[in-house]
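Read through the structures below before going on.
Look at the two complexes coming up: chain A is in both, with chain B in one and chain C in the other.
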Partner chain A sequence: MTNLFNYIDRPSPIHRLTGATKFVCLMLWSFAAMSTYDTRMLIGLVIGSMILFKIGRIHIKDVSFMLGFTVVFLVINSVMIYIFSPHHGTEIYGTCTYLWGTSGRFAPTAEQLFYHLNYLLKYLATIPIVLLFVCTTNPSEFAASLNKVGIKYSVAYSVALALRYIPDIQKQYHEISQAGQARGIEMTKKASMVKRIKAASGILIPLILSSMDRIEIISNAMELRGFGKEKKRTWYMGRPFKAPDILAMIGCGLLILLSVFLTFINGGRYYNPFI
Partner chain B sequence: MKKFGVKSIVATGIGAALFFVLGRFVAIPSGVPNTNIALQYGVLAFIAAVFGPIAGLLAGLIGHFFIDFSYGWGVWWSWVISSAFFGCVVGFATSKIDFESGEFGASGIIKFNVAQIIAHLVAWAGLAPVLDILIYGEPADKVFVQGLVSAGVNIITTAVLGTLLCIAYTAAIPKKGSLKEEE
Partner chain C sequence: MYLIRREAIPAFLAFIMDQELLLEFRDFGFQYNAQSKPTLYDINLKLHKGERILIAGPSGCGKSTLVHCINGLIPFSYRGEMSGSLQIKGKETRDLSLFDISHTVGTVLQDSDAQFVGMTVAEDIAFALENDCVGEPDLHNRVKDAADLVGIGDFLTHAPGELSGGQKQRVSVAGVLVDDVDILIFDEPLANLDPATGKQAIELIDEMQTKTGSSVIIVEHRLEDVLHKSVDRVVLMDNGRIVADKSADELLSEQMLAECGIREPLYITALKYSGVKITPNMHPSSLRSIDLSDSDRESVCSWYRSGNSTVPPKLGDKLLEVKDIKFAYSHGARNALDGVSVDIMRGEMTAIVGTNGAGKSTFSKVICGFETQNKGTILLDGHDISDLSIKERAERIGYVMQNPNQMISKIWIYDEVALGLRTRGVPEEEIEKRVEQALKICGLWKMRKWPISALSFGQKKRVTIAAILVLNPEIIILDEPTAGQDYRHYTEIMEFLSKLNAEGITVLMITHDMHLMLEYADRAIVFSDGRIIADDKSYNILTNEEIINKASLKETSLYDLALKCGIDDGTDFVRHFIDYERENERDREVLS
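And then the complex of A and B:
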């Protein structure tokens, strides 16, 4: 399998957790970070995620490629928020403190900057965890683990099939594209946009029709082997839960409780230092 | 309704893989920074139309989840759910079209496109922004503009690519009564 999802095989306590545990923890953690806008909790989560990142023995240079996308995404989103709603912070926090004696629609307010800080923290709290999950979870084990956390095995098997066939489809796309280029179809930046879209659809039709044949072949093979007869199945990559797995899940579950608790204390999702 | 059997499980997996490859590697820049023309929705609509709502829902969910995942910017749940929703709605709305008979004429094209346009509008101009506001607390103006732009772009690519795929697929299936007894 090509290293599509950047899995790095490097022994660490986080690698030793089962895929199911990491999946559950990822969900709980991102849900906790998603639901709260409490700055104190977000800072805690950011620090926690950095520490976990270190424990997972993932280096910044392993993920620098992915971080690049994230930074671009983050900057564009922040700028868009500022352009469309420069007073979103004022609406949330109920006060309006102009900074540096300015006023007007695009003038910076303390509330808006505080909202942007929280927005940034939310990202910083989740991104390292997602990267950690991507880097420390074997994709095949991930599919097996979905079944373990209560998802029907037919669905888990769809995930496994998708992971299995992504490299094949990619390769086939490349082959069809090269065959087209050999016949003189321009696909690079030199061609106009309309031409490129046309050329891309010219590749997609053979690609998808051959994928339909592939579906036929795979489903026949699976049916011949009696797939879907039993209620349960076993997984080659599946592993049993151990004590650290259970502890990790309980820990992440507590984060959700903390987030709910803070929502009650603050009387809403936002921690408001302005009143 | 189309049954969720072994074939649908495989179609879901392959559909998700196609969705991922097109969304991740076959990006045609639209001119606006960081927005690519999303060809994957044409394929998703096609898979949903042929294999039914559950396959559409799961292929959208899994494919979009993997795209977000491989970029590493965190899983943007509001949009992942909207992709799944789109697949599901197209699957339901096109369940009357019978692809296996090899007939996909003007009425099929109209049904398919009406379904995809409605599904895109509800998913991107309705569901995705509302979830963005509810889950992430983002300002309404920004998310609705984003949603409307992507709904527009997706409708066009689905109309072109999805329709072409349906026509090409049905053309490859032998029509009912295409064999005649020798006289």
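And then the complex of A and C:
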């Protein structure tokens, strides 16, 4: 079963950073990558993210599922942009350079392709960092880090608990569906889609009921041990910031400054090589 | 000066006594907001420092509500009307908060799986401290100390899923002990544990009480298992009232337990059958301490000699043949079933026992077709069923899950029972006939127009059994048919299954309950590490020390009683007891 939060325990400098640091860096990095369309900076970020990926000792095969998913999404997204707005690039860069002697609404322009390149680079600069965060942050530290950046601890803990219960619920769904199949509720491909959806909803009722029981037990268990008593709480898995944490956050903060600076130099979010 | 000091002594003593009194109910009552009648009436109960008490009573007697009152869930999470007084360390609980109470009262809930809040053992133990804003290095040190105290210090970084049932419970205990509470409450600590682990759980509670000097409240209906270690008092509840609050020795000498639907220890039952009069002076609360006179022993022996061996039940032909099944959940994983071969005869009532993870559930899943074996064959009535789908097998082999809530998907009883027939396209007139029959067998006919939500847990269980029976299976497999049931419901369910069995349905029961195995199963199949390590009469298994240890079972006290009375063949004594009891049951049924 694929775990949503695929923490991989392989000691590396990135693993050693605190969850809060990684969360802050993820936010800063993504913001920097999302705010700029400066190709030079994007290329820098892509190379940077590849290097960090290597430092984090995460292999491509560890994240192949998520990566595949993003590639499909990226392709669909690009095709959609091209279909709905084939001259988006020319509007941005103000020139229109038809390639290979073609012309017309769907004819390729250098500006459009350049725009697509930038779009692709944005993804390449962000996705590895997100995956890196997911793979190098212990789920329990994740809750602690959310809390550290100012999110209420009850919310942070609910997120962590939900992540913890996903495998359990998957297992329970599996068991209930088997018992359902034994009673004749057809869930396999033999039944039509409509029938299968109807059957799945039949399984949902016992699943929800038994989950409600569990929620009552767990919330009692948490209250009995003082959850929600104080405005703050400490975290067993929380760690104090060390020098590398501070450096990492300063580094990512500088990226934001760079992005702002480039916007200022370029007179906009886009770096325009066509003028 | 001298006078003043002398006068101060009684006051000083009273002060000490007050300090000692941790918990006091005075004419206490409670009614939930959603209920029309109170759940608790006239509760008067005291708990002093260092005391251990056992609260026992049938389901619905109010013992869970009483526990909720003590740990503060009432009135802070469950709303209702309190009357009278409940003081913890001299303060009315209604003037405290749930969190104030949690520093004095620690609760270990029934299902240690469901109450795991941390991702790892260490975090779960740390939970209360985190909420209390305990900082480093205190946090780590106190977690380590608590973990060492319960003997789980080497597992701090493990995830809950990697632990055994007994280890999980140790984690829960550590998570409560870490807060230095004065009162420890254990809510049904034996539920979900195999017999040997349950025995260790009671030993752990005993050890923790001795080490920490705190008071312990155990809520459990399995009296014999709790009495493995001594308790100061047993508080017996029925219908929302405390009906007895006395020593176990006194209680076992009276009839009250049976009247409240609590099962007395088996050796006590055997002594009573033999005509021995139990008195508190005999110290009957433990077989180790019980003081039997020569004439008592003679009574037991003559009762044993009066028995005549009964005719073994007639069994039919081979119904299910399992041949050398091997199965692993994923490629390269350990074999969950490693060469299992067994024959099941038509008309058997058989128990499948063993520790969690020994392969019992996997075995039944493979038979039902939920999982497909990697190797081996399964024959039903001489025909290979490998090609049959789950749905097709279900018409011949019914499977009842442990938790009825996981099976029920309809609102009305009738629809739920009819579901399996409707999905098979059976005409409505025939459905009506077959549902009627199934409901009648299960004693649900009068309730056929009821919504399922109005039923008790035991009744829901019967609905799920009816929903399986309606397909007319030849074999019915039940996963823990009586888990979490008190003696009254246990007897009700088991008598019902015996009745089904008498009507010709083969019954296989996966169970941790040694009483069930002894009393209702003729044969027991013992699993350990994916293999069958024993397959014999239940009384032979439960008197075989080697198998008991290997499969984490628990010896029956009847065997020790026999040895204590000078009967050499303890196994045969157990057999005699079971035969005698079945005979009696039958007599009672004839009479009623």
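Quick note on the criterion: the second predicted complex is superposed on the first by the 269 of 275 C-alpha atoms of A that agree within 3 Å, B and C clash if a C-alpha of one lies under 4 Å from a C-alpha of the other, contacts with A are read in each partner's own complex, and residues count from 1 in each chain.
Quick note on the criterion: a residue touches a chain if its C-beta (ideal position, glycine included) is under 8 Å from a C-beta of that chain, and two chains touch if they have at least 3 such contacts.
This structure is a prediction, so every number in the text was calculated from the model and none was measured.
Colleague: Now for A:A160: first (chain B), second (chain C), both, or neither, which partner does it touch?
Modeller: The answer is both, since A:A160 touches chain B and chain C.
Colleague: Specify the partner with more touching residues on chain A, choosing between chain B and chain C.
Modeller: More residues of chain A are touched by B.
Colleague: Applying the touch criterion given at the start, work out whether A:F227 contacts chain B, chain C, both or neither, answering first, second, both or neither.
Modeller: both
Colleague: Using the touch definition from the top, say if A:I218 reaches chain B (first), chain C (second), both or neither.
Modeller: Once the two structures are laid over each other on A, A:I218 reaches both partners.
Colleague: Is A:L67 touching the first partner chain B, the second partner chain C, both, or neither of them?
Modeller: first
Colleague: Once the shared chain is lined up, is A:L209 touching chain B (first), chain C (second), both, or neither of them?
Modeller: both
Colleague: Do any residues of chain A touch both chain B and chain C, and if so, which are they?
Modeller: Chain A residues touching both partners: 160-161, 164, 205, 209, 214, 218, 222-223, 227-228.
Colleague: Which residues, counting only chain C, touch chain A once they are in their complex?
Modeller: Checking each residue of chain C against chain A gives 71-73, 76-77, 98-99, 102-103, 106-107, 109, 111, 114-115, 117-120, 122-123, 126-136, 139-140, 143, 175-176, 179, 365, 368, 370, 390-391, 393-394, 398-399, 401, 403, 405-409, 419-420, 423-424, 467-468, 471.
Colleague: Given the complex with chain B, which residues does chain A contribute to the contact?
Modeller: Touch list, chain A to chain B: 4-6, 30, 34-35, 37, 63, 66-67, 69-70, 72-74, 76, 80-81, 83-85, 88, 92, 122-123, 126-127, 130-131, 134, 154-155, 157-166, 168-170, 173, 193, 196-197, 200-201, 204-205, 207-209, 211-212, 214-216, 218-219, 222-223, 227-228, 269-270.
Colleague: In their shared complex, at which residues does chain B touch chain A?
Modeller: That would be residues 4-7, 9-14, 16-18, 20-22, 25-26, 28, 31, 33-34, 37, 39, 42-43, 46, 58-59, 62-63, 66, 69-75, 77, 135-142, 145-146, 160-161, 164-165, 168-169, 172 of chain B.
Colleague: For a test of understanding, state which residues of chain A touch chain C in their complex under the given definition.
Modeller: It comes out as residues 138-140, 160-161, 164, 172, 175-176, 178-186, 202-203, 205-206, 209-210, 213-214, 217-218, 220-230, 232-237.
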